[in-house]
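This report refers to the structure that appears directly beneath it.
Chain nomenclature is as follows: A, B and C, assigned in order of appearance, with residue numbering initiated at 1 for each chain independently.
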Amino acid sequence: MSREATLNKVRTALGRSAGQGIAAPPPVRLRVEAHLEAHLEAHLEAIGMEARIASMLRAVEALAGKSRRAATGEDARSYVGAVLDGRSAVASNAPFLRECGVVDLAGVQSGFTDAAALRALCATAEVGITSADYALADTGTLVMLASPAEARLISLLPPVHIAVVPKERVLSGLDELFTILPHPAAQTSSMVLITGPSRTADIEQILVRGVHGPGEIHVVVVG
Amino acid sequence: MSVAFDEKVHKTLADANLQLAIYRATGRLIDHRKHAVAATALPDYQELRTQANALKRHTIEHLDHYLEQFEANLTAHGGKAIYCQDATEVADFVLGLAKERGAHLIVKSKSMTTEEIDLNERLEHHNLESVETDLGEYILQLAHQRPYHIVAPALHLTRYDVGDLFARTLGVANETVVERQALIARAVLRQKFLAADIGISGANFLVADSGAVLLVENEGNARLTTSAPKIHIAVAGIEKLIPRAQDLAVFLKLLGRSATGQALTVYTSFLSGPRRAGEIDGPEEFYVVLLDNGRTKLLADPGKRESLYCIRCGACLNHCPVYRKIGGHSFPWVYSGPIGAIITPQFMGIEHEPSLPFASSLCGACAEVCPVKIDIPKVLLELRAEVKQAEERKGANRLERLAFKIWAWVMCHPRIYEMAAMAAASVAPAENGKWLRSAPAVMNLPPVRAWLSQRDLPPAPAKSFRELWRKR
Amino acid sequence: MAKRVSIFVTCIVDQLFPKVGLAMADVLERLGYEVDFPEDQTCCGQPAFNTGYRQEACQVARHFLKVFRDSEYVVVPSGSCTSMIAHHFHDLFPADEAAGDLRAADALAPRVWEFSKFVLEVAGVDDVGARLQDVVTYHDSCHALREFGIRDGPRRLLANVRGLELREMDAAEECCGFGGTFSIKFPEISGGMAGTKIDSIVRTGAQTVVSVDSSCLMQIQGALSRAALPVRTMHLAEVLASR
């Protein structure tokens, strides 16, 4: 059986025996911004958060995405409405989108739990609207875990993707992500990091956006 | 030196447009990487390389353990590990599964491993359509060509090549605007994504503690390939393993930056199993093919085992002055550039293309940029020694061996060396210090002729250093 | 009391570019060193090692160790030869070698110095009082650059040469294409690489190309000469010996 054959060849090559233990893997030091203890000044934490949000928005813009700071859910809703501009949209089941009233905008359909129906809509919708589980400030990245609240195809099939994210979810970067989420597989079958609009430079290294994922992305940070 | 290799090299060097295309494309990637790993952008770049090397070393040294751990976690999340020893077993598995499920259409995302095993060719003629969805790979599939570069597969083609190709194979009008060409492909492939029964991807990393596959891309075709069809098959070499999800904090900081200068590629997908209960979409079946295909051979050699650390970033190709001249298609296998030069002889045997380890000036640019610190020049030197040992055993290349034996003897006998040097200097023309366009008949040996085919020879000075020193 | 240094001029300098060796000796003497040239020196063995003939390289390395056994410093006008001695001799001798060659090689390694590194780090000098009216460009020899980090050092030394203007070429760190036997086993590729290098040189408008390795300079000058370009090459030692 190929499983046994492969494992045997590996063991023989390494001079190891079945069930032999291993030394611990080299440690990886994840550098996270000093998590402020509860007793430290609240305003220092606010500055850290503001810096992070500013970095996130800047990074998104640097990737040719569009970013927006919305003070309230209502502001976020207005922005999304303006971006939609009458186009058809599919929104995820993220509670935050409902809180912001985004799902109530004209032309937005949401609440899908059936794969086939959702796919059919995603294939024709002009805009896909989601929240995000986290955002990474240093790279302008959205972190999306597949769940009953977030389907995969909404941020993938429509040519425009809008993500509306509460500010608390903005992390400093990968190190912090893997510190607070060391086992993504325990929670979801799919964690996707989205860093900017889809792009290719396969022909003469000339940059083309929107092949095959969304060519236009908007990141709205709320709060 | 094989005739085939020489011919391909000569053809590439003679093609001025191709030379320019290769030089420009690699030049751009060199620049992008430089900015992305600069001290201002990534202050702990060197430390990350050291960590990545240590993680890979540890994993490879304990590969059986991590394979089993990966398999256990994959299974626990509803996936299935399929060990395959070679290309045939992979094809048999895919064909078997396709038949069982009545599948007819497969979409593929970019995977060098599937190129390595000629998967598309093996799936043909079985009432199965397998479509490449990465734009560069799609173009190559239509053109029946191999990738030119690990990361930029269609590097060697112009927009005019693509326009002609699409017109010929897709029956569309000849379009030479790149944006429009991309949209043509997008439209065709969108239909394929949505209709496909099976999605086949590669894997940039296999995460042992999660039973997960990590995929990086910029287009979104890998996400579509692994999310739209009901079945997802990831094909991965067994060396792709890393121990923990958190180790990605090291590797992801190195991969994009080393390959294209991106801090992160547009999409990074961490996939562990078919869709979970409650999830709305995603595949219903998830298979990870764990491919050997000779990797256990490399594993068995502690001196060259580090060749398996490669994370396929392509940086060594971009920085290699030889690759930048001869391009990807001069290499005998799908893996080109410095990494191709060290793994090809190990997979195929050194007799496959014995000159390959010598087709390097050992400049070390590859080792300098390798994110996992593979000492490529060291492995090349080991392979060279192996080639010469094999030649000695077979009694081949006797003249060269004899020449070096004599050379070594002379170099160990200083007075003989001095006499030999004076004798050589006496037949070499001096010509008032001007460099020589040609050599006198007595000197016109093959090595001298080879030198003169490209550049002038230095004239022999009137006195050697030691003669001058004695007079000082 | 003058400190003593031995010089290993390298076979290519001995036979083809003797002025480089003389220049290096001049500079070292001016820095206050007594220069010793062990006459039994020949080669470091690199040509055999790089071509895969380890036994032959080992023999030559053994001879080298004998010749320089008692040298406190061995100064070498070549990054590639220094690398062979200081890094690769170690790979040539088996660990259980009864003759103690491995120990001798490891003991010698830290005493072997590429010339520019010796001037800057041992002599502790970045201005040797040289004078040369010229516009030069500097080629980073691969072994010097990547095995010893020799990049800023020669540029500092050149910056202090009176009358010298240093212009950077865009492909300074790209290999010239010599690579030892590579240059004759793969002449077309080697020639192509030389072509890229000399194009880069010409774009600077410099009249002279400088580097720390005579094998690079031989490749580059050979290509310049074939292309009938009036640019000349000089080893860093020759520049620093100029007054």
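The criterion applied here is as follows: contacts are C-beta pairs under 8 Å (C-beta built on N, C-alpha and C of every residue); 3 or more make two chains touch, one makes a residue touch a chain.
In this text the structure is predicted, and so the values were computed from the model without any measurement.
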item	value
A-B compared against B-C, more contacting pairs	A-B
Middle chain, criterion being Cα centroid separation	B
Rounded Å distance, subunit A centre to subunit C centre (Cα mean)	53
Between subunit B and subunit C, centroid-to-centroid distance (C-alpha), Å	32
Residue numbers on subunit B that touch subunit A, as the complex places them	21, 24-25, 28, 51, 54-55, 58-59, 61-65, 67-68, 73, 77-78, 81, 83-85, 89, 133-136, 139, 152-155, 157-159, 162, 178-179, 181-183, 185-186, 189-190, 193-194, 207, 209-212, 218-221, 223-224, 227-228, 238, 243-250, 252-253, 262-276, 278-282, 286, 290, 292, 296-297, 299-300
Subunit B-facing residues of subunit A, complex	1-3, 5-7, 9-14, 16, 18, 20-23, 25-26, 28, 30, 93, 112-115, 118-119, 123, 138-139, 141, 146-148, 151-153, 156-157, 174-175, 177-179, 182-185, 188-206, 208, 210-214
Parts of subunit B lying in touch with subunit C, wherever the complex brings them together	1, 9-10, 13, 23, 321-322, 324-326, 355, 358-365, 367-368, 381, 384-389, 400-401, 404-405, 407-412, 414, 417, 421, 424-425, 434-435, 437, 446-447, 450-451, 453-458, 460-461, 463-469, 472
Residues of subunit C that touch subunit B when the two form their complex	9, 11, 13-19, 21-22, 25, 37, 39-43, 45, 47-57, 59-60, 62-63, 88, 91, 142-143, 146-147, 173-175, 177-194, 196, 218-219, 221-223, 225-226
